[in-house]
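Listed next: structures, encoded as structure tokens.
There are two complexes below, and they share chain A, which is joined by chain B in the first and by chain C in the second.
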Partner chain A sequence: MKLAAYIRSTFGGRKLATIGLIWLCLVALAAIFAPLLAPFDPYEIDPVARLSEPGLPYLFGTDHFGRDTFSRAIYGARMTVVIGAGSVIVALLTGGLIGMLSAYFPRLGAVLMRGIDVLMAFPALLLALVLITLLERSVVNTVLVIGIVYATTTARILFGMTLKLKGEVFVDAAICSGAGHGSILFRHILPNLISPLLVQASFIFAFAQLQAAALDFLGLGLPAEVASWGNMLSEERIYVTRAPWLLIYPGVLIILSVFSMNLVGDAMRDAIDPRFKDDIAGV
Partner chain B sequence: MLVYTAKRLLTLIPTLLAASILVFLFIHLIPGDPAAILLGDSATPEEIAALSAEMGFDQPLPVQYALWLGNVLQGDFGTSVFFGEPVLTVIGRGAETSILLATMTMVWIVVFGIPIGVLSASYQGRWVDQVTSGGAMLFASVPTFWLGLYLILIFSVWLGWFPSSGFPSLADEGGVTNLRYLLLPSLTLAAPNAALIVRLVRASMLDVAREDHVRTARAKGLHPATVAVRHIFRNALIAVAAAFGFTFAALVSEAVVTETVFSLPGIGRLVVQSILRRDYPVIQGVILVIVVLYTLINLAVDLAYARLDPRVSLK
Partner chain C sequence: MALLDVEDLQIAVAKGRVLLPVVQGVSFSVDADETLGIVGESGCGKSLTSLAIMGLLDGTAVRITGGTIRFDGMDLGALSPKERRAIMGNRMAMIFQEPMTSLNPVYRVGDQIVENLRQHRDLSKRAARDRAVELLDLVRIPDPGQRIDSFPHQMSGGQRQRVMIAMALSCDPKLLIADEPTTALDVTVQKEVLDLMADLQKRMGTAIVLISHDLGVIAETCDKVSVMYRGRVAEAAPTAELFARLAHPYTRGLLNSIPVVDHDVEWLEAIPGRVPTIDEQLTGCAFHPRCPLATDLCSQTAPDPLQIAPAHRVECHFAEKVVT
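So, the complex of A and B:
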């Protein structure tokens, strides 16, 4: 019931953000039930039906291999969820832990946060490109690379917030009652960081989609055979004059999902504890 | 101010050194003999052995790093595997396109981003605000290359108004009119960044509008437009100036994609092609140059910030 109350207080009266949340739920459902929803095999090649126009039986038409664009779009939702959720987990776990530990243990922090500074001297996509050059193209590596890029900003934000919380009276009280470092960090400080972390997660999810699509487009992201919205754009772009619709569907799906995630993030940020308002990124 | 600037420059040195170590290690993290990697696939064993000896690849890593850094500081970034020319020459060729593209993009960001942001803040909560803020967020959600592809399709292929790709130098035939090649790319690159500036201008204007000096200005009967421009906008610009470093990083990242879409002979496309060609010396060189540039810009932004906002004390 707490979740329902949270959703009501965050999204109540915000029509656009509510629509965004509903859209994201639909994407998640499409990802889970892709094999049931897709009318065709997204990888089945049909040379006779290549580049057919949208209609029946191919709702969104077919690509230059004759694969059904609609089925590929549905399977692409899986990659959207995997990339988004994966990057968020990597970024929050590594970045969050580095930020919290650095703020709590100042000596350790002096070292770790300098390391973060160095990584932040590389613009985001460039850092991703450097890392991807060292690794093979795979789903896991794409997630890792994007996650690491956003771990840097997450570490900085959590560093500031943990520092603020560390000075609060309830932390002193916990110390006085004999709580250990682990207990203070994870049972007293962390619960206060949950809502800003959620906001951060929503923005990382949105940015990760754009970064992943950009990497796919450059031919340095997911393996070419994986059905993702970024790969669909990347593979079909040379056919844009003959079949302009091929780029419309995946493009609009990416835009809708990123836009929705940004709206949801905005709504969550506005509902957040005012103490942290200045710290949250994602203008 | 001068002392402060000098101090800040000194603190940059450890960061830059650490970044240079990362860039240096990059070659060594790639599996294989670094000399063979630097020379590319066509190198003979003799050439590899010669370069190995020259670069000291048989020496311990710290010694190699010192040698490499010494070369870099003298402007020797190595030789491109693909072009067979010094890396700095290869980078220099892309500089004109990238600098012009960045400049035009900044012009669009200022011309569109700031006035729309002001408009949005002035009509807070009304339909003008809803349309402009919603539109800004929508543009920030569009993949750059997708926008670029459709701009090419509409304005180059269908309407034939602009060239779809490439960029001849301003020194070539056509002179300044060659800038038309950069119109679509710069608009593509500007769209998501201008959108962020709109949101930033709006947010910081609304922040400033809550302050006491604004209430005083209103109370003494100043015209609302005067209050908006002289008391709110001027202060709000400080936050916008502070975001310039962030905008630069975003421009660099998205220029990689935009230059690829429009086949512009700039530094961004050079990075991608070098990665695909396994031309590691060029990748190393470009990244080093961009990191140094980015760090210096961030410093300049911090210094400008301190200048613009007297409340920020220089310690």
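So, the complex of A and C:
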């Protein structure tokens, strides 16, 4: 099994990263099987039981509408995965394409990369805020905005790596064998970028969570009724003294997940780095 | 008409707004079945010449500023990129100096040969793979049926260079340009690779341009030689004629700086100085600062090409003196 061997070589001997990976698997399972795992409908209101303390039947207590916090947390995992995966896809597709094309066609790059520089001049959250105010609040728009914010760094990284690969002899050899631009970019250069792309993806996945939570908290992210960890924080923040568990549970979930993704990303980068260098130098 | 005809090729490097000439009027021609050796120190423009023939100069920082390159009657400079791509890897192919980096590390070697084949020939995947195995066998890779699925990093330098040769030969090119194909290899492997190229040439009638800084390699494999110095052909002649009657002090210097195994030499004669950098302005003969025979004439006037025998051309004021 290639995957098993890859996981062993990446996470073997790294306890924290392994725990992080396990946690992320749990989150993924919760997201997939949310309807089966959640004891209540996350949107069902039970006014009598509002703001009840953690216990039975409401494991994590209820919010000010009387919705079950545990069920909402499980459904929130879905949003976590959707936001993370969506942002990664948007960021890698747009940023990756811009970076690669810019490096490969220097004149185009002179224009595109200046645009990227302008976008990068803004702090990530500010850029996200500016973009989101232009759009309606929805899951798709949140994903788009966060994706675009991280497309800038992706473009930068891929720009540099493509520039380096473009000077490799095997690219000259490909030109000599009569390969066209498309074939050189996507068949000869792109496969060499898979490793850094993977690492980049893991970090974007993590940061997207933070961005989404921040946007939710500011009331600019997902529509208020959507069960997401950020929304839970944002909606219940006024009850922090009366019902602190409403903030603690989603807060801890966000921290654990982001931390886990960073650990996993680190492990992947460390595992890939030396090998990546080897592949390029051919040593 | 020769298969490859390079006439008065000029290449310049852009430095800021100034164009510095690095190849200044190089001419040579190669016929089918023939091997031309281009020899010279680092920085004399031999690699740039080969890159220019393959169309690998980027056209901005390094560009062709004059001359024509004719291949099989076509002016390569006048071809569209598409027409050019149809020729490259097909009717002309190139082998690079570093076998370690000239194969894409993420593909199996077989796939790279197959890709080149399918780019130019209408072959099924199956047929292309069979042909790739044949080619690997041809370049004497042991157990080609297995090795075709190896990744480049699983092969030695010599094997990778053979794969490169197999790839270059995949479409039976008429012209093969080999830029220092053996420099990065062990001496024993070097010999095998050179023998292999000579053998394949005999079988397929390919014309070869062999670029090297090693006169020994050139002497053994080439039919004719062009000695380059600072972007010019200092001396050109058929190999036997060249070694019988060296007429340029630079060629003589190159030869003297080769250690001879069966002689007990205490002192190896190197050419004093170094190749002038491209932005150094030189008047007269480019070699005069390093030449033992240099006079005032050399530092003032550039020598005209001199024909000292049929097909033996040399650019030196004192060629007659050097020969004797």
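One rule holds in what follows: the second predicted complex is superposed on the first by the 272 of 283 C-alpha atoms of A that agree within 3 Å, B and C clash if a C-alpha of one lies under 4 Å from a C-alpha of the other, contacts with A are read in each partner's own complex, and residues count from 1 in each chain.
Throughout what follows, a residue touches a chain if its C-beta (ideal position, glycine included) is under 8 Å from a C-beta of that chain, and two chains touch if they have at least 3 such contacts.
Source: prediction; values computed, not measured.
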### Message
Looking at A:A173 after the superposition, I want to know if it touches chain B, chain C, both of them or none. Which is it: first, second, both, neither?
### Response
second
### Task
Please name the chain, chain B or chain C, that touches the greater number of residues in chain A.
B
### Message
After the superposition on A, what does A:T133 contact: first (chain B), second (chain C), both or neither?
### Response
first
### Task
Kindly list the residues of chain A that each of chain B and chain C touches, one partner per complex.
283
### Query
Which residues, counting only chain A, touch chain C once they are in their complex?
106, 168-170, 172-180, 183, 187-188, 191-192, 194, 278-283
### Task
Mind listing the chain A positions that touch chain B in their complex?
16, 114-115, 117-118, 121-126, 129-130, 132-134, 206, 210, 213-214, 217-220, 230, 233, 237, 240-241, 244, 247, 251, 254-255, 258-259, 262-263, 266, 283
### Summary
Listed in rising order, chain B residues that touch chain A in their complex are 14-16, 18-19, 22, 26, 29-30, 134, 137-138, 140-146, 149-150, 152-153, 157, 196, 199-200, 203, 243, 248-250, 252-254, 256-257, 260, 271-272, 275-276, 283, 287, 290-291, 294-295
### Task
Over in the complex, which chain C residues touch chain A? Could you list them?
54-56, 60, 85-90, 93-94, 96-98, 100-107, 115-116, 119-120, 152-153, 164, 167
